[in-house]
Amino acid sequence: MSNIAAKAKELLESKAVQVVIGYEAGPTGVVRPAFITDAAKADSLIYNENCVQNLAMYLTKHEVKHIGKMGIVATLPVMRSIMMLISEQQVVPENIVVLGIAEDGKLLDIADMNVMHSHIEKSNLGNPTKDQEKLAELNKLSIEERFKFWEQEMSKCIKCYACRQSCPMCYCIRCSTDCNQPQWIPVQSNTQGNMDWHILRAMHLAGRCISCGECGRACPVNIPCHLLTMQLSDQAYNYFKVHAGTSVDMKSVMSTFEPNDKESFII
Amino acid sequence: MSDFEPKVVAFVCNWCTYAGADLTGTSRIKYATNVKIIRFPCTGRIDFMLLLKSFANGADGIIISGCHPNDCHYTSGNFHAKRRWIMFKELMDFMGIDMKRITYSWVSAAEGARWAEVVNTTVARVRELGPYVSYQKMVNTHIEEEVTNE
Amino acid sequence: MARIGVFICHCGENISATVDCGKVCEAASKLKHVAYATEYKYMCSDPGQSLVKNAIIEHKLTGVVVSACSPRMHEPTFRKATAEGGLNPFLCEMANLREHCSWVHEKGEATTEKAIDIVRTLVEKVKRNAALQPIRVPVTKAALVIGGGIAGIQAALDIANCGHKVIMVERSPSIGGHMSQLSETFPTLDCSQCILTPRMVEVLQHPNITLYSYAEVEQLDGFIGNFVAKIRKKAKSLDEKACTGCGLCITKCPQKKIPNEFEEGMGFRPAIYVPFPQAVPNRPVIDKANCTYYIKGKCKVCEIVCPTKAIRFDQEDEVIDVEVGAVVVATGFDIKRADFFPEYGYGKLKDVIDGLQFERLASASGPTNGEILRPSDGQKPKNIVFIACAGSRDPAKGIAYCSKICCMYTAKHAMLYKHKVHEGNAHVFYMDIRSAGKNYDEFVRRAIEEDHVNYIRGRVSTVYERDGKLIVKGVDTLLGAQPVEIVADMVVLATAGVANPGAEELAQRLHVSYDSHKFFAEAHPKLKPVETNTAGIFLAGACQNPKDIPDSVSQASGAAVKVAALFSQSELTREPLVAAVNRFGPPLYSTCVGCFMCQPVCPYQAIEREEIKSRDGKVIKSLAKINEGLCQGCGTCVALCRSKSIDLYGYTNEQVYTEVVALLNDY
Amino acid sequence: MKIGIYPGCSLEGSARDYNESVFALAKAFDIEPVQIPDWNCCGATAAHNLNKELSLALPARILALAEKHGVDEILVPCAACYSRLVVTKHELQKHPELKNRICEVIEMDYKGTSKIINVIEWIDKYIIPKLEEKVKKPFNYKVACYYGCLLVRPNKVLNYDRVEDPQTMDVVMSKIGATAIDFAFKTECCGAGLSISRTDIVSKLSGKIIEDAEHRGADAIIVACPMCHSNLDMRRPDINKYWNKEFNIPVIFVTQAIGLAVGLTPAQVGLKRHFVEVKIS
């Protein structure tokens, strides 16, 4: 039995939590999220390099939340998501037990949010290397080439909103896309409206994206929409020296300011 | 393209730039007719989506203007706006949407002449850039059609 | 079904000269849902307003667009007319065809087209306006007067005499301002101190006035009727209750060579001091920067000699919060100082002085006991030159405006000099003599004709010293531009009146606007000269622009009336242009998800937390709630809210979105 | 950094002393200014009174030549030439159409890349930093620094020093040990171009400057303009005749004074060419 399974079992048995959110292998061997409420079934929990989904998105879902206290198997992005969710008052720290996973896959002892904070602080908070490379590549293009790239990508979007559904930070009960007075985002799919949606999504995640890349993975038509939010994560750090999801009381980039914020384009 | 008249929308705050534009009028300083003003209480109120909607509805250029830093009628609306614009500009740059079409400025209630200058330089720049077809035409493209450039 | 009325004003010819109003009217009448469109020469006139009122009734209008001047000018007028026509006043919008169109464009097709675009936009907006009810807020009936010069004193006394509490804050140790420095005042030549000091004492003794001298306003929060001011009372190092004002400490202080600010640097004062003998309050303060004890840690002579043991070396600044309903800003002005006129030797040559220094020389209580003596050698100047417009009306020097008071005080100075030095010659170099005002021109004529002051119309190019004399080189433009050279003993520069140092910072703290010269800006140059753009904050005196005493006093009384009028109501009605979080019935209650990211955004701390509880007290949902009493309607939270759960009345998402669409699309 | 020098007419004629002192000083500080080849007249005071295009084309050609030869900074010792060059650069920068027109006239490309510096700026940048170690003989004299009209005007264009009470030369002089007196005639007119046609006016105006400097106890008048120098120095006999006095205060170029301080001989800095004998050394 893996350390994770053992820990989950212990938590469930002691009634420290009522549900553990983790990964299990599905019938075909594909990794899928698991919601373990019965200590006896904790054995099915696994962790391997295929376990990449950001499970934090389930923490705000009513179906999971109502079960009770939640244990969650948490890699770095998940831990950062939890920090964000706490700072945005979407989850209460007392209701969560974190089964932290270190970079090498070992189970961490995350006793409380302070421990998690110091673990996150020690970690690399930049974007994943392969995404950072792609960003650099795009940033090297001319503005027309970048437009062409994104126009091409956006034309593929089918407005399924999987990017939104998979994102732990997209927890609104009503999304701006669902507003129809006014209709900010057109219902039908066309390149312009699709681009509007992705700009809106990226702006709403500005300073909040924790660079898990889940939106990009979720996209059924392979739009690298995670690059948009990651670019802004990069810039949020560039301009304001803020990495999202590092502490429970972080100053949100978009709702705070410094009088001497630097820019060079306002005349 | 010589008869191209750019459409420019100006989003301005009520207390500084709107009043500054009033002063331009009171001072009878002339500027291009291409710019039309929409009044907001504060730059902090200006939703970035309105900029996209302007382009989508045929605007070729946009001016956003409010009180100088520290002069905001509401103390800090313009500081929040500034952060929002920094992020927005970075995103637009990254997506290849030409920021030369958007002028961000601080124009106070006392800067009537400056407002005329901001308007005229923006109109001249947008005139040079031409109509924003590349954005507007996207409304007609989606997955079934092949995206053609130009 | 909306029925909109469009009213196009010609504004005499102000609009119709460049905009084809007939064409605009025709276009407007064809717009969807426009039930009535008309044009008129003066829409703001009585018949014009009646036109609006009658049309509302006759055509059963549901919205009104007045296409005229800036809403900043006449929105209240037409909202009132709309209300009188029986429609909710917030169903009226103004299309700015004058300031934003007719005045800034040439006559032509494009200008008329733009006017039509503007009208169409506002028609679309007004269709989406909601009937709003004004918000009522209580009024704190106490006023804060910032600055204790003559303007502040007048405003404070007038407000206090109306029966309202006044808190006066003065930066220096005594009230009195620049007027207390003056010798005599024009055009009557009565002694400044004689008319001022009784009023200063009145301030101190008035039961309704609380005076904080040696104090500054650090912060102002809140809004009209409900301000909270943070006041820093600087440590005076003195127990004011114990001090009797005997002045023994002042005479015994061993540190005696500090340039005296009140004497404009022409005399000295000790480290513990009152600025002048008639100071109010007449209690000394210790100037910590120059006090031997504070610098070296020993001395304490004042403490030893004080008969009532009132000295407190360990006193610290105290910051207090006061609640006020209105603010009068009366912080005054300054004059341009040294180094600005190298060509006149100002700041370099001892006998080249400014107007305020001359006032001190001429003052009976000044450093020379009222004798006009040269600062360099104490000799009586036989030849004196006054240079008017030293800096003023000189765009090359960065000051294009007229400082207004210099012509009069220069005439006064020349006259005072002639009265005191009968055998002396006074010369005045001037550009124009601006002496509009009651008995003002007569006063200047008296200086010229009776006191034989030599007025020379022309500028001075340079002043330099030679053998102890000042050589003044100028030109007499009335004598065929002849160069004039005067060998003078003393030169007095009427240096330009400028904004006080720190005016800009104070304006920012109070959230009021200021002009490019850092003078405080009035809400309207003609019709609201006392108001600022921030409701509840008024201006008095020379903080707005250089003013003489009668003007300052009149404006102060004007400001006081504005405050008294405000305090005559127990409640204020405020424009209901505030933000609100949407609310629905259960189970949704609101689309607000309770992230509270809007909370730090609000400059007024107007966003509160609301908890929706079930019957058994369990919290079902936490969401943001906006306190409409505190909200000022900036809308920053609205633009930030991701789920669009907050909206701003008057500038709703639907309204602004529609404006964008309507502005760019011809329908 | 390539430094070019534009001598103009006077430095090769009436102000050879100035020219010699500039080059001697440059050599002493290991600087080698390159004379702009094929240079022409700057137009002086005559051109802009007659023909605006010509008055801009002449300096523009000099600037275009400098650019062509890759000069980064053009040292212009003559204040009049300096003023013409700077004004031209400013005008052409402000009016692109005019620039195109002038380029046609001179049949050369002009971009406006070379920086124009006057002798004081040059001293400030290249001499002052190394001056302290090089001063051998402090210039222990009281001096009246005379700027004249063109060195700091038009102020809007030049944006150099205080127009009414310039200070830069005073500061430079203090660096070599001199005491700059408080001098009221720093920017008064010397008579300038009337030097030839109306010597009486020059005598009157220049005389006032000299009289005041002497009166205030100056040992020398320091100048940075060949025109000022010739009026104050060469016209001295006329001045003395006009004033019926024996003014003998020497008029020294700023470069000469510094040259003496760093140990150059009077001959090296051209002092021998003066009309009024320079007794100090």
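Per-chain residue numbering starts at 1, and chain names A, B, C and D are given in the order in which the chains are listed.
Throughout what follows, a contact is a pair of C-beta atoms (placed from the backbone, for glycine too) under 8 Å apart; a residue touches a chain by one contact, two chains touch by 3 or more.
From a predicted model like this one, the values you see are computed outputs, not experimental measurements.
The interface holding more C-beta pairs in contact, when B-C is weighed against A-C, is B-C. Chain B and chain C have CA centres that are 31 Å apart. If you average the Cα atoms of chain A and of chain C, the two centres end up 51 Å apart. Chain centres here are Cα means. That of chain C falls 49 Å from that of chain D. Residues of chain A found to touch two or more other chains are 176, 184, 254-256.
Multi-chain contact residues of chain C (touching two or more other chains): 601, 640, 653, 657. Touching two or more other chains at once is no residue of chain D.
By the definition given earlier, chain contacts exist for A-B, A-C, B-C, C-D. Interface residues of chain A, counted against chain B in their complex, comprise 138-139, 143-152, 154-158, 176, 184, 189-196, 199-200, 202-203, 206-207, 221, 228, 231-232, 235-236, 239-240, 253-257, 259, 261, 263, 265-267.
Contact residues on chain B toward chain C in their complex (touch as defined above): 5, 7, 9, 14-16, 18-19, 21-26, 28-31, 33, 36-42, 44-48, 50, 53-54, 57-59, 70-77, 80-81, 84, 108-111, 116.
Note for the complex: chain B touches chain A at residues 48-49, 52-53, 56, 69-70, 76, 79-80, 82-99, 103-106, 118, 134-136, 138-143, 145, 147, 149.
Interface residues of chain C facing chain D in the complex, by the touch rule stated above, are 341-343, 348, 462, 464-466, 471.
Within the complex formed with chain C, the residues of chain D that make contact are 162, 164-165, 182, 184, 212, 215.
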